[in-house]
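Some structures are shown below for you to check.
Consider the two complexes below, in which chain A is the common component and chain B and chain C are the respective partners.
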Partner chain A sequence: MTYSVRSATVRFGSTVALDDVTVEVPAGSVVAVVGGDGAGKSTLLRALAGELALDSGTVQTPPKQRLGYLPASSGSWAALTVTQNIDFVAGIYGLAGDELAARRAELLDRAALTAAAGRLAAQLSGGMRRKLGFVMAIVHRPALLILDEPTTGIDPVSRIDLWRLVSEAAASGTAVLMSTTYLDEAERAAHLVVLDSGRVLVQGPYDRVRASFAGVITQAARPVRADWAWRRGRVLHEYWPDATPSDPPAGATTVAPDLEDIVIALSLARRNMVPS
Partner chain B sequence: MTGVLLRAARVTRRFGAFTAVDDVSMQVQPGEVVGLLGANGAGKTTLIRLLLGLIAVTSGRVDLLGGPPDRERRRRLGYVPQGLGLYGDLTVRENLSFSAQAYGAAVPALPPALAPHADVLVRALPLGAQRQVAFLAALAHSPQVLVLDEPTSGVDALARAALWDTIRAQAEQAAGVLVTTHYMQEAQQCDRLLLMSGGRLVAQGSEADIIGSTTAVAVRTEDWARAFAALNAAGAPVMLEGRAIRVADADPAGLAEVLKAAGIQASLQPVPATIEERMLMLSRQARAS
Partner chain C sequence: MLDMRAMIVKEFRELVRDRRTLGMLIVMPLLLLVIFGYAANFYVSSLKTAVVGPQASQVTKMLPSFFDVTVTEPSGTQADAETLMRDNKVDVAFVTGQTPVLALVNGSNLFAAQSAVAALNKVGDQVKTQVLYNPDLKTSWVMVPAIIGLILTFIGTIITSIGMVREREAGTLEQLAVMPIRPSRVILGKIAPYFLVASIDMIIVTVLGILLFSVPFNGSPFAFALGAAIFLFVVLGLGVFISTISQTAGQAIQTAFFFLLPQILLSGMIFPLEAMAAGVRWIGYLLPLTYFTMISQGIMLRGAPIASLWLPFVVLTVMAVVVFTGATLRFRRDLAPDRPASPARGEQAAAETVSTT
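Showing the complex of A and B:
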């Protein structure tokens, strides 16, 4: 089973939040969406979750009871305990009694939250609260799991825990679409989608994104064209969209681009070529 | 020693029976960007509060700009907390004017990207723009020392590069910069890294020095879903990496046995750990001891 949005366009007033976006999320894989504020990540996730209407395009998504969604806000109730939060959501999906108790115990264990079961959500660390949100999104064994920035602003150990939970869901056959601002997470996904101002800059497995990148990136203390350059540590990197690795800009030191370089280069190309 | 902007010499801080910072020595020189890494509870925030003079040391000594971190020296310091320290109910211009007055500095001019937002309430701005305002507010009085708490968390790659350009410009003008972070992308922008765990400074130097000989294991197999389930059930810290499986803080022989018992053919390869995996390993060790 593959879930998807196809040729999706969403407008809010005069703002085009999604502009002809097609993304597929196959069962058993993690698709990661990267991009900054206003890139359209949350809009794409909400579109696939059926939370908003498209201006044009189509959405293929499972019925609500087969869908799990973790919004960018915490996704839990601060005044309820961890157990109460899980039981409340499970109840909506008709989980009760022994079945609920077993499922709850299993998920708490996997998320390393068992010791915190009786704590109010308000008293959890940021990382624990995101893990609770994850548990609540997956308690009913959804076919499609949509996670809006599950790892933003949390500690590295919780981040690794969350990646394990996400991986576990995919390995057991769930289709996962998640957004992130961390490019190392996107590199780890089976398929990554880079959004910028509502459009797909590039998508595919990381190896293919890297292989299809056109142009050359150079490094220097001072850039030749400031509006094509960006900071990497003590040096600046600069993008030459029309150069080729066999014919680089004269006298320049070329670098092997990583995903950070590729995303910035493509964003700059879009800004520098589109009249604002 | 002359020229050291920020220094901790054998600094310890206890809260009751709990030692939050344990015998830490470190320094920041003019012109360098130093990254302070550590998981939650590693002692980063307490160390920063000690360096800023917001709390007192239990033992050891802190020097900010050549002396104790008093009010007069703190005037020459710029600080951007993780929560940004802006007033959401004031406009961009009002926030900048307030902080400039507090430091007795001129109100900074708005860069072109922020100019259209001058009279917008800060809480109505996107996070990337809020971060830019916080930087402007912290830099208006040309501080000699800049302390930044996860400066680029949650912003996109292009905005992140722009913020790092600003940070680097300060260092080029001989300011010393201390950045707390637990993200690889921020750590890679620093000249030098310090790694804390359990209140102690456990490693320092380049990214390679921090990771040291720590490895993770890459598991490649046709049967990735079953391999993942088997390793996960055995309690290994597993994650997917494309269609491969990555296991942090593990011994390849032990993993090979788990896979063999499950009848799965796989190749196992030790690979250098990431900074996060190094921190996971340290925090598991701390929990075990």
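Showing the complex of A and C:
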């Protein structure tokens, strides 16, 4: 089964939050949505979660009973313990008794939250809270799992834990759509969607996105054109959309672009070429 | 100096954006001045009066205009007079045909009763005064039944609205919106604990009022519980409504305050309704606490049956239906998918199962 939004357009007043966006999320795979602030990531996820109606376009999702959603906010009830949070959500999905106890124990173990089961959500670290939110989103074994920046603001170890949980969910057949601002972790997804100002700049498997990238990226201490350059560590990278690897800009050192380079380069190209 | 100027400009900019606080700062003092000015009056200028018994007509003619005679019944008895009083139709009833004439005073309307007793004392031995329902004219006897309503209002509006708006503040409302639970069940599930807590509070306050202040409970506990339950639905509905027009707990408290203050001042709990200027009194008749106070004082002090309290029961029931339905519909909208401003609507296709909307 593949879930999707097709030709989705969402406007907030004069702002176009999504502009003719089509994204498919097949069962058993992870689709990562990347883009900067205001790119439309949360709008896309909320539209698929049924939390936001479209101006035009279609949405294909399972019924609410088979949908799991972790919003960008905390995702848990601060005054409830970890166990109580899980039990509350499980109760809404009709889980109870031994089935719930087994599922709860399994998820707490996988999320390394067993020791924190009796702690209030308000007393958890950011990473633990996001893991709890994740556990609450998958407690009912959803067919479609939507995660809005599950790893933002959490430590690297918790990010690894969360990615393991995401991968396990996909491996068990769940369709996962997640947004992230961390491009390194987005590379792990089966399918990437790069959004900028509500439009899809590029999408596909990471290798295909990289292969289809046109132009050349160079590195230098001082850029030729400031509008096309960005800092990577101690050096500056610069995008040359019309150049080719066989005909690079004279005197410059070309670099093999990673996903971060590709996303920034495509965003710059859109902004520099489209009159504001 | 520049830094302080920057601070002042920033504060004004924030204040201008916070329309609710700005409104409170400007409108509240004006409202308080006008309402207090016209409502703050303990002096009752006329008393609804019944005169019964063989000399009813003669006595009626002799009474000063302070006694506004609404019932003159020569065939009436003392029992009829007491029934009129129990039903709160009159403040004073003269029972003629005996010497001295018996003047019954409705002690559950404290200020009217105090004015009546003062006026009757001047008459001397011609009238024997008997205060019913509150013989010592104790303020606590009148206040405790009203305070029960005030406590229910407090829990119903302030505590409930904060509890509801907390979901919005924490961002968990959007999570509830995508879960397979009906909005009506979300609302009922959220208000049930407050209903229970308010009910327990009501029982505790009523029992304590009886034990500590010797306030009588002359009527039916069932009728009292029914009135309190209907009233609770009104104030809980108000709480839900307030939560739908507030983004934060602070806003909810501010808004609840707008609803709470008039109930304290204009429900007849402190200042008698009949002593208020007509321009302000009508506000009192729009407030649910006014009607609950009628019920609680009627049942506790006068032992009034439901039949004689039909008006406040009906008004509260209508209020409960209107407020609760309105609040529920507004809350449902909060849980429904957000609608972008554009008039065009997206078509939500059916999938393997069901579409999102």
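Note that the second predicted complex is superposed on the first by the 276 of 276 C-alpha atoms of A that agree within 3 Å, B and C clash if a C-alpha of one lies under 4 Å from a C-alpha of the other, contacts with A are read in each partner's own complex, and residues count from 1 in each chain.
In this text, a residue touches a chain if its C-beta (ideal position, glycine included) is under 8 Å from a C-beta of that chain, and two chains touch if they have at least 3 such contacts.
Here the structure is a predicted model, which is why all the values come from computation and not from measurement.
Peer 1: Do chain B and chain C fit side by side on chain A after the overlay, or clash?
Peer 2: The answer is fit.
Peer 1: Scan A:12 for contacts with chain B and chain C and give back first, second, both or neither.
Peer 2: Only chain C is touched by A:12; chain B is not.
Peer 1: Rounding to a multiple of 10°, what is the angle at chain A's Cα centre between the Cα centres of chain B and chain C in the superposition?
Peer 2: Apex at chain A; the opening toward chain B and chain C is 100 degrees.
Peer 1: Go through the superposed model and pick first if A:31 touches only chain B, second if only chain C, both, or neither.
Peer 2: Touch partners of A:31: none, neither chain B nor chain C.
Peer 1: Considering only the touch criterion stated at the top, classify A:189 as touching first (chain B), second (chain C), both, or neither.
Peer 2: A:189 contacts chain B only, not chain C.
Peer 1: By the touch definition at the top of the document, which applies to A:234: first (chain B), second (chain C), both, or neither?
Peer 2: first
Peer 1: May I ask you to decide whether A:107 touches chain B, chain C, both, or neither, giving the answer as first, second, both or neither?
Peer 2: The answer is neither, since A:107 touches no partner chain.
Peer 1: Which partner chains sit in contact with A:181 here, chain B, chain C, both or neither? Use first/second/both/neither.
Peer 2: first
Peer 1: A:209 contacts which: chain B (first), chain C (second), both, neither?
Peer 2: A:209 sits against neither chain B nor chain C.
Peer 1: First (chain B), second (chain C), both or neither: which does A:145 touch?
Peer 2: So A:145 meets neither chain B nor chain C here.
Peer 1: Taking the superposed arrangement, what is the smallest distance in Å from a C-alpha atom of chain B to one of chain C?
Peer 2: Here the least C-alpha separation of chain B and chain C stands at 5 Å.
Peer 1: Does any part of chain A touch chain B in one structure and chain C in the other, and if so which residues?
Peer 2: Touching chain B and chain C on chain A: no residues.
Peer 1: Of all residues in chain A, which touch chain B in the complex?
Peer 2: 28, 30, 34-39, 125, 127, 149, 152-153, 155-160, 163-164, 166-168, 170-173, 181-184, 187-190, 205-207, 230-234, 260, 263-264, 267-268
Peer 1: Which residues of chain B touch chain A in their complex?
Peer 2: 39-40, 126-129, 150, 153-159, 161-162, 164-165, 168, 182-185, 188-191, 224-225, 228-229, 232, 237-243, 245-246, 248, 274-277, 279-280, 283
Peer 1: Considering the complex alone, what residue numbers of chain A touch chain C?
Peer 2: Residues of chain A touching chain C: 1, 3, 6, 8-13, 17, 46, 48-67, 69, 71-78, 89, 92-93.
Peer 1: In their complex, what parts of chain C are in touch with chain A?
Peer 2: Contact set of chain C toward chain A: 170-172, 174-175, 177-181, 337-342, 344-357.
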